[in-house]
Amino acid sequence: MPTVYDVTTWSVPGNPGATPASDIGLVINSIIADIKSQQTNQASKPGAVIYIPPGDYSLKTRVNVDVSYLTIRGSGHGFTSSSIRYNAGNTSSWFEINPGGSRIRVENTDGRSEAFRVFRGGDPRLSSIVFENFCLDGVGFTGNQNSYRNGKTGILVDSANDAFRVQGMGMVYLERGLVVRDADALSVSGNFLAECGSCVELIGSGQATKVTDNLLGAGYVGFSIYAENHWGLLVAGNNIFPRGKSMVHFKATSRSSITANRFHAFYPGMIVCEGTCNENLITGNHFLRQVEPFIPLKPYNNGLDDLFGLVHVRGNGNSVMSNHFSYDVPSSAVSPAGRAPTIVLVASGQDNFIATNNTIASIPVKAVVLDASTIRTKVLDSATASQFEPLTTNHTFRPTP
Amino acid sequence: MPTVYDVTTWSVPGNPGATPASDIGLVINSIIADIKSQQTNQASKPGAVIYIPPGDYSLKTRVNVDVSYLTIRGSGHGFTSSSIRYNAGNTSSWFEINPGGSRIRVENTDGRSEAFRVFRGGDPRLSSIVFENFCLDGVGFTGNQNSYRNGKTGILVDSANDAFRVQGMGMVYLERGLVVRDADALSVSGNFLAECGSCVELIGSGQATKVTDNLLGAGYVGFSIYAENHWGLLVAGNNIFPRGKSMVHFKATSRSSITANRFHAFYPGMIVCEGTCNENLITGNHFLRQVEPFIPLKPYNNGLDDLFGLVHVRGNGNSVMSNHFSYDVPSSAVSPAGRAPTIVLVASGQDNFIATNNTIASIPVKAVVLDASTIRTKVLDSATASQFEPLTTNHTFRPTP
Amino acid sequence: MPTVYDVTTWSVPGNPGATPASDIGLVINSIIADIKSQQTNQASKPGAVIYIPPGDYSLKTRVNVDVSYLTIRGSGHGFTSSSIRYNAGNTSSWFEINPGGSRIRVENTDGRSEAFRVFRGGDPRLSSIVFENFCLDGVGFTGNQNSYRNGKTGILVDSANDAFRVQGMGMVYLERGLVVRDADALSVSGNFLAECGSCVELIGSGQATKVTDNLLGAGYVGFSIYAENHWGLLVAGNNIFPRGKSMVHFKATSRSSITANRFHAFYPGMIVCEGTCNENLITGNHFLRQVEPFIPLKPYNNGLDDLFGLVHVRGNGNSVMSNHFSYDVPSSAVSPAGRAPTIVLVASGQDNFIATNNTIASIPVKAVVLDASTIRTKVLDSATASQFEPLTTNHTFRPTP
């Protein structure tokens, strides 16, 4: 029973003309059908590897993955900046103009928006599916090449799952890169997901997941990392560059960690808590906020003003400790004009703890602002007296001396 | 001289009926013998790759590894929860019931307890052996399926070693997963080791090792990470879930780091120092302590009471800084009844430094407790006055305001 | 169009006698020429994989890489300590004496000093080239085997580049290991680079790069990690052992992070800022300083005295927070004799922030020293009153109580 498949050597039964160059989705679906026909013993379904050698493939038919232990693996995430290319003018003299590696152009003609959808009902949850080291390229955006919109999704995991891995992948010019519903112990590591509307979205709910050691940069329409109803999520060791509405957006996500990351943004709202987010740890991160330097993208932003905070905390019992903030924005670019920008805003909740954070700013800022609704926030060594703006007296403050 | 072997195509000399399905141990030992017979020049022994395609293999004979530069590699760690399955009742309608990927069932009939033993006497130490991306499955526990006992070990490295890598592996339902004696510059990264009695045990002694970016969860009988007589160990970026007697247990281990991890436990003793552990750094970690929610495992715990501390420090000059603790246990579940649980216990030693830690608790706790024997501990911004319990006056305390 | 090449099966056109054993550089250059001849469509140049099976290869001709999306991949970084072997005396009874895995001996006879040079002029920058999991062995140093000098470089990336990966590589006994000019979003992860004069040098300029999860140890003549004119660099989760003039040397590098690493050194100057380095974050690291214990290397050091600082800060607005320092040097080994060694020296600049660091030392030390030229440094909970030496009054100090 062979368990290692190569998309370039597989013959689709009944369709000998099918090729991965013309529709790799059709080919992979055929391979998955073969795996299922070969592995029918409930006690022994080890799965398989589907290998995608370096090459240029079109995907016109969505791949539907419904077997555990499947590895879909290429040799090269093949990222190159399509944003630079599309904004470069005449590129006729360029050596190459497109991403490469094991590159799949997402060009569905089946009415679907995803290149890959992983879904299975019934028991047990799908386990240990791996996406590794290939490129999902949305090819172009619609309207204009800076819209981050084309309705295309790279990978949608749409049912509960356990122990999945997404590693070494490249994604570019997709409206949504990786979307995972109801993750348990997911690993998203070593990827290069950039110039996508959003990069990583953890939707539904989830626990015990890690997003580590990635290079990420979303568009102004979405998030570099989004997580809703998650807990026990570890976001660590990532280098996240612009743009992204947020670098990390938590919605009703609690008891999670954002640590040892490097963040760079052109807008406020670098880390955003939406709804009630409790007992999260934000520590050891470097934040840099500048203004958009790239002329084609200067018209765009995330709509937030400078009072929103680089870190926007909503919820209870969160810890923000030992972070460095560099705020490098000319006063002329601040909105609302004339106001001191906010670094950390505690927008709601009680018992939040802000300690030993350092802010270096090009203009006077409010390093910590407490909303009038907040209760018992403690702010220690994170703002000088003049950098602290409590809109409530219900707090404890030890100014940075 | 071929250096890439595939267990499914290798013919065991003199034993043509041997197959990896019936005994992959016998096959791999035969391949190793071939490598040794081919590589006899002291100046040129590059080693080899032994590839294990996805499939279901039984191991009845222990593999004995005694050549440097050997990579044993599969395509899929194949983890699925055997604990959920064994406790699920009727699983006849399930799609699959077992782990998968490149799955080796550890079913020794040779009187050995290990699937793999790495050992060589003489000089030099074995170097740069790699275990990568396959599954070691203990299949079942003895007594009952929640005992975490079956006498089975996945990998035992039993002599001094340098620059080994264990990466992308899956282990499940082994009493002991990975055990490494006398490690130098070992890398344990990107693994999924869970539902094992213990996951990673670094025994004997060791230095300059890293355990990073793993998903780990041991049983109540063992440790997620154990290290004895180590120094310069870096435990970083791991997501460690229950259960585990401890998430990290150090015995006489010093000058090591536990940083940027996420820890979740159902018992006290999440990080334990045994014997004298000096000058370790525990920083940037998120700790969550809850009570066991899974009915089949409610009868079990690690035997420690709530005065033991989530972090139990023994030794001198350790630093515990910038950690977040969430303690979410109903008062009815606290032991001894009526006592305030301990978050950080300095159980012995001098010159320990506890600074800028935040505790959020469902009931009143003692955030820092100092044993009567302790000397010159400094506790800064880690406990309010009422959360601090010094059983000695030989300390410095600055309460969290 | 095949895109997966194996150096052991490739026939060099017009040179049928060429083998990778005798000159792998010639073979790889021939493969690259083939890729270029096959991939001539500007819109579709996916690149290729060049596979190097485990084996012993000599490189006599420099490889010139000038195509994007090329992966050069082996099966085994093959590190072993050549330093131990060369200093061991009679090794005739040893099992093996050389590194292994996919091992390339760097033995240029072409007048070049690099094994691999990556360079392309014109547009766009080279993208997504990968070096993975093979060994570059300099074989021996010149003069004596402890000189760290032989003029050999492993990989030189010599033109601007984007999204490169260097992962799982081993390098040993090269004067310079990995040298990358003008990096954008480079990933250097999971490597074992040791016993090289310098390990990782990021030259020219660069941004948004990560050096994570590596085991590194340079010689006394060079740096484990060097970066000049970089910003947004993330150095995280590395275990860096001796020797290295510095573990991390920043020259005019700003807004970067050094976090969650473990550092071990035999000299002062573990982290050095040269020129003006601004707004960097150094947090969550463990530093251990001891004296050279290895007799053959006792004659050597980096020429710095103990007043230089384990961390030497030059520039403005840097944050040094939540680090642990272990200083274990006998007073007899301190230079200048009789002086108290410096842990953190702020050598120049303004608005540096040193907070919540802990030092454990075998002798009295100055935990923080401020140069007379420094302005507005804040030092909080990082030194007792007697451990603080401000050579200026222009500072804020809150002593560790």
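Labels for the chains are A, B and C, by order of writing; each one numbers its residues from 1.
In this section, a contact is a pair of C-beta atoms (placed from the backbone, for glycine too) under 8 Å apart; a residue touches a chain by one contact, two chains touch by 3 or more.
All values reported here derive from a predicted model rather than from experimental measurement.
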Chain B on chain C, rotation in degrees - Cα superposition, rounded to nearest 5: 120
Chain C against chain A, contact positions shared by both copies (same if over half, else different): different
CA centroid of chain A to CA centroid of chain C, Å: 29
Residues within chain A bordering two or more other chains: 213, 236-237, 259-260, 283-284, 321-322, 356
Residues of chain B touching chain C in the complex: 1, 3-4, 42-49, 68-69, 71, 73, 120, 122-124, 127-128, 130, 162-163, 167, 185, 187, 189, 208-210, 212-213, 232-234, 236-237, 255-257, 259-260, 279-281, 283-284, 316-317, 319, 321-322, 351, 353, 355-356, 378, 380, 396, 398
Chain C residues touching chain B - in the complex, by the definition given at the top: 53-56, 75-81, 84-85, 88, 91-103, 170, 190, 192, 194, 213, 215, 236-239, 241, 259-262, 264, 283-286, 288, 321-324, 326, 356, 358, 360, 381, 400-401
